[in-house]
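Encoded as structure tokens, the structure appears first; notes follow it.
Naming follows writing order (A, B and C), and every chain is counted from residue 1.
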């Protein structure tokens, strides 16, 4: 099998239970390079759980996650090198500065030329002026930009984002959208969980809706969001 | 496929360990309250010991090793909860788990940081101990330092794993000593016996068995803890 | 995954075995009190040895099982292994308590003191606390998988602690009689006493297995009920 044929990401019969109740009941899908998958759904449908499974933070109760054909295993750290997750929490320390947090992240990931990467991440986030302030002093919007910088400092090929536009003003959101477009264009895969698909509709190549732990909808992104909206409501009607 | 910026190099094992430890140290030096409290706690325990015996009946010489080691034991426990408590803010621990770093490395990094803090606590306690209990170490100080290092590794190796477990419970500060104290018994026995002999100026041959016990305990438990840490942090 | 019937049959068989074991225990009493000669120096108090030593044996057996099953759990991730380990801990705790109460009852008339810090008593005392800590932690954790994994880690670490406790405590001077059964040459107990003692070890093992079966059966049933509730 040629390298080009192996999907970037593949989930096979992915299941995850919380205690006894199943959150995900057997998900299958693949993601190719350059794909942008929007995952839409109500709270509690398992969107965050899905991202965490794909990032290797949770182990599936059943099923597998394959990254470029290799199964993801928590005992094999190298498998996490190519994935980056932006979650609701920043994974950073309030008492350290943004720069110190990024230096730590760089050391954890064993990055070459960390200084350069950190500088460019800081300027991409527009936080040069505040990079040496303690993180606890930054506003919510700045924190979100900082979190994005930290989550993707190691330039992963698979980007997982859980509601990235939270707390962002219009200008910052536009910058993030443009950056995401650039990531997809350079062949990285993106899975983005959002409450408001309209924010990134044009960027998406695929759309998925989780309902009762399975895909209620999973399809290439339709051109008309209103049409999707109607089917979304049908699919998630209890 | 575009290559991410990361690289796997020869120091890939040591690097995350040192990174985690350095980060912990930096955070603690910035906050300071945790370490300061631990040091004060140890000093106060020493002071309480003084009042807990009749000075005409119990001589300093007999009492001293026990005092030192009970203080070190409880002082070490107090320094332990810091390590995983600080990772709860902003789900920082998830950041560690997301990285391409093995669970054993995370453990060893935390262990290293904990050892430094316990060491600082002990370093401050010893002069106070010498002062309060009129102990003359003489040339024994090197031996006592060695024994302290070995026994502290014993306490902290198991303590690091247990503190990672109890941080998820409601009464972490209480659960930790409840779980940990039985495990501190062998190193405590070894350390007290060795210290008694050292302070009495006994020859090395009498110490050898105890030192071996301490070293063996450390090797077994550091290895075991590093190998089972994944069970405590994977979900 | 596990049906209530598996639990019920474990309980049933466990109760049968318990009954059998208790009969055997009664037999031991008879043996110990009527057929085994009195020990000259210690008198009647020595008879408690036939309860005390086997209880310690069962406590240790329980502990070893917990350690082994914990390793298996971390390897196979089967929740039933976790239930089994927890059951073994509870049973072990009971045997610890028997040992720790018979010890002082024996020590007082024979050595004039309630508690002796000899190696075996001390080891059992520490096992008692490790068992208790294990159960306390389980009670404080609500997530099943977390509870099972953490318990397994304690189980394994506890098992590896035992030789160290034994070694370090043994190097203290002791008041416990030197091992008279497990000597490499012929044991220095007269044959009748030896028989009674070995028989009581056997009974203690049977009772251990029986109690664990019942407890495990109860745990399986509770587990199955929980699953049924949540799936409904």
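Throughout what follows, a contact is a pair of C-beta atoms (placed from the backbone, for glycine too) under 8 Å apart; a residue touches a chain by one contact, two chains touch by 3 or more.
Only a predicted model underlies this, so the values are computations on that prediction, with no experimental measurement involved.
Q: Of the chains shown, whose Cα centre falls closest to the middle of all protein Cα atoms?
A: It is chain B that sits nearest the middle.
Q: Let me spell it out: compute each chain's centre from its C-alpha atoms, then which one is farthest from chain A's centre?
A: Between chain A and every other chain, the largest centroid distance is to C.
Q: In whole angstrom, what separates the CA-based centres of chain A and chain C?
A: It comes to 51 Å between the two C-alpha centres.
Q: Can you work out the whole-Å distance between the CA centroids of chain B and chain C?
A: Centre-to-centre distance between chain B and chain C: 32 Å.
Q: List the centre-to-centre spacing of chain A and chain B in whole Å, with centres computed as mean CA coordinates.
A: The separation of the two C-alpha centroids amounts to 38 Å.
Q: Name the residues of chain B that each touch 2 or more other chains.
A: 234-235
Q: In the complex, go through chain B and note every residue touching chain C.
A: Spelled out, the residues of chain B in touch with chain C are 158, 161, 165-166, 168-171, 175, 178-179, 181-183, 185-186, 189-190, 193, 209, 213, 216-217, 220-221, 224-225, 228, 231-232, 234-235.
Q: For the complex, which residues does chain B have touching chain A?
A: Interface residues on chain B, with respect to chain A: 1-2, 4-9, 12, 15-16, 18-20, 23, 26-27, 30-31, 86, 89-92, 94-103, 230, 234-235.
Q: Which part of chain C faces chain B closely enough to touch in the complex?
A: 74, 126, 129-130, 132-133, 136-137, 140-141, 145-146, 149-150, 152-154, 156-158, 160-161, 164-165, 167-169, 171-172
Q: Could you pull out which chain A residues touch chain C in their complex?
A: Contact set of chain A toward chain C: 19-21.
Q: If we count contacts the way the header does, which residues on chain A are in touch with chain B in the complex?
A: Spelled out, the residues of chain A in touch with chain B are 3, 33, 55-59, 68, 74-75, 77-85, 87, 89-96, 100, 104-105, 107-113, 117, 150, 153-157, 186-188.
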